[in-house]
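In what comes next, chain A is part of two complexes: it sits with chain B in the first one and with chain C in the second one.
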Partner chain A sequence: MDIVVLRVPADGAYLSVLRTATAGLAARLQFTLDEIEDLRIAVDEACAMLVADALPGTDLSCRFTVEEDALTVAVSVPVDGAPRLPGTQTFAWKVLTALAGEVHAEHESGHAAIRLTKRRREAH
Partner chain B sequence: MRLADLPEQHPDRARVRERVIELCLPLAEHLAGRFRNRGEPHDDLCQVAAIGLIKAVDGYDPARGVAFSSYAIPTIVGEIKRHYRDKGWSVRVPRALQELKLDITKAVSELTQKLQRSPTVTDIARRLGRSEEDVLTGLDAANAYSAMSLNAPASEQQGSGTAVVDLLGEHDAGMASVEDRATLRPLIAQLPEREQRIIALRFFGNLTQSEIAEKIGISQMHVSRLLTRSLRQLREGVPADH
Partner chain C sequence: MVMARTYEIVRNPTNDGVRGIHVAGDVDLSSHDELLQTILDTIEPGVTELVIDLSDVTFFDSGALGVLVAGHNAARRADCAYRIVNPPDLVRRVLRTTGILDLLAGGPAPAAKRQPA
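Right, the complex of A and B next:
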């Protein structure tokens, strides 16, 4: 199990860095293009949600856990008060779960976090 | 012989015009060189400058008493500047990358057929005889390029009562929250019909991007770009708590 950690300013302009890293790591795991693109879009969505709530001038931290057949992307930002994380009954949640598979959102000690885990489905 | 003396239909006109353009190409390349190191490959700039030159040759009227160079230089420089303005060098993908993108798109569709599944980056790299790094770069470029290459108007075929909007309807209380229904429905209804269909197939029909690509008759990479863009539009139109 390998860990890759990236920290970027919590600003939409930096999300492309995370999208690129996601695609690169997913490719290493031999994910298919369908899976890579799905995960890339999911990371984009999750990060955009968090960036919208992040305290100004803070960083978004992104922790990739690379396993043999799964990639977990955990993103978090410092927030003030209760963040507006998507509820499990929302369209946003449906989108994340359809794209990534496993989704977990939480608000703890001043941070809003979303964790996505995508497992490699297809055998090849 | 003067180009301007030859009437529009004269058999020598095309040849003389070509010759004039050839003779002036160094001028165009020199002007392109002035814009070196501003984010655009020199070859691409030379091409744009050459287009400016052709416009100058075709638009020049010696009867106005202006030397050709006085007319051509601002015309060519104008063309280069317009190129920067229109394309925006930060989002414009150099030609080599565009070609790579096209190669990848073609390889993906062929491999999907052959393997009966979506290909991996390794599959694509092997097929194209390039490194996996190259393929990833090409995929990135495909995403960056989409910012400008997708130009479907948002209001196209609006309100055609497509399935997605219905899927978010009252009957599906288990899925959509009340707020979702109120805020999302009108936003989805505003997407072009094709995008609505893609969203319906991906998120409600559970089809993969490849399957959607085949159904709609576009490439898988195009499906990915349209999905990304549609979701962005929905997100930006909906308050963050959805």
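Right, the complex of A and C next:
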């Protein structure tokens, strides 16, 4: 199991960097092209939701856990005292859960976080 | 950071009421507002049809979808026909996942859409 951590400014301009990293790591697990695209969109959706709530001038932390048959991505940002977790009725949340499979949102100690896991499908 | 994206407004030389917007590059959080503004600015009085060409889009998320829907709503208010054309597979993926491919791509609008979710 390998851990890769990226920290970028919590700004939409950096989402492309995280999408590229996601695709690169997913390719190492030999995900299919469709699965890689799903993951790229899912990570983008998760990060976009968090960037919207992040305190100005803070960083977004993105931690990738690379396992033999799964990639877990945990993203978090600092938020102020009364954080909102991403609305589960939003388009973004629907897309995220449709594409990633396992998704959890949580808030603790001044941070809002989303963790998603994509497992590689067994070859038929 | 400089992003590789463009929104080119294409005018029909023989009919000024028909406008096109050719979108290229990544459409993500950093460019949603700009794309929406481009669409809204293009729906000006006298414009009867707006065609959004997505053939060169390289990334497309749910926020981008929201922009296209907002454009659709603005066009409808202005009595302007509105459709998207040439969505690449990665765009179709998001449109299909959210169930609104037919609404924006000019396909059939089944009565089922009016049923409560």
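We adopt the following convention: the second predicted complex is superposed on the first by the 116 of 124 C-alpha atoms of A that agree within 3 Å, B and C clash if a C-alpha of one lies under 4 Å from a C-alpha of the other, contacts with A are read in each partner's own complex, and residues count from 1 in each chain.
In this section, a residue touches a chain if its C-beta (ideal position, glycine included) is under 8 Å from a C-beta of that chain, and two chains touch if they have at least 3 such contacts.
Here the structure is a predicted model, which means the values were calculated and not measured.
The superposed arrangement places chain B and chain C in clashing positions on chain A.
Contacts of A:57 after superposition on the shared chain: neither chain B nor chain C is touched. Contact with both chain B and chain C is seen for A:98 once the two complexes are overlaid on the shared chain. By the document's definition of touching, both partners, chain B and chain C, reach A:45. In the superposed model, A:87 lies in contact with chain B only, and not with chain C. After overlaying the two complexes on the shared chain, residue contacts for A:24 are found with chain B alone; chain C is out of touch.
More residues of chain A lie in touch with B than with the remaining chain of the pair chain B and chain C.
In the superposed model, A:15 makes contact with chain C only, not with chain B.
Legend: residue contacts after superposition of the two complexes on their common chain; A:36 is shown touching chain B, with no touch to chain C. Shared contact residues on chain A (touching chain B in one structure, chain C in the other): 16, 19, 37-38, 40-41, 44-45, 48, 52, 90-92, 94-95, 98. Per the touch definition, chain A reaches chain B in the complex via residues 16, 19-20, 23-24, 27, 30-38, 40-41, 44-45, 48-49, 52-53, 84-87, 89-92, 94-95, 98, 122, 124. Chain C makes touch with chain A in their complex at residues 1, 3, 26, 28-30, 59, 61-63, 65-66, 90, 93-94, 97-98.
Residues 108, 115, 117-122, 124, 132, 135-136, 139-140, 143-144, 168, 174-177, 179-180, 184, 202-203, 206, 208-210, 220-221, 224, 227-228, 231-232, 234-235, 238-242 of chain B are the ones touching chain A in the complex. Residues 11-16, 19, 37-38, 40-41, 44-45, 48, 51-52, 90-92, 94-95, 98-99 of chain A are the ones that touch chain C when the two sit in their complex.
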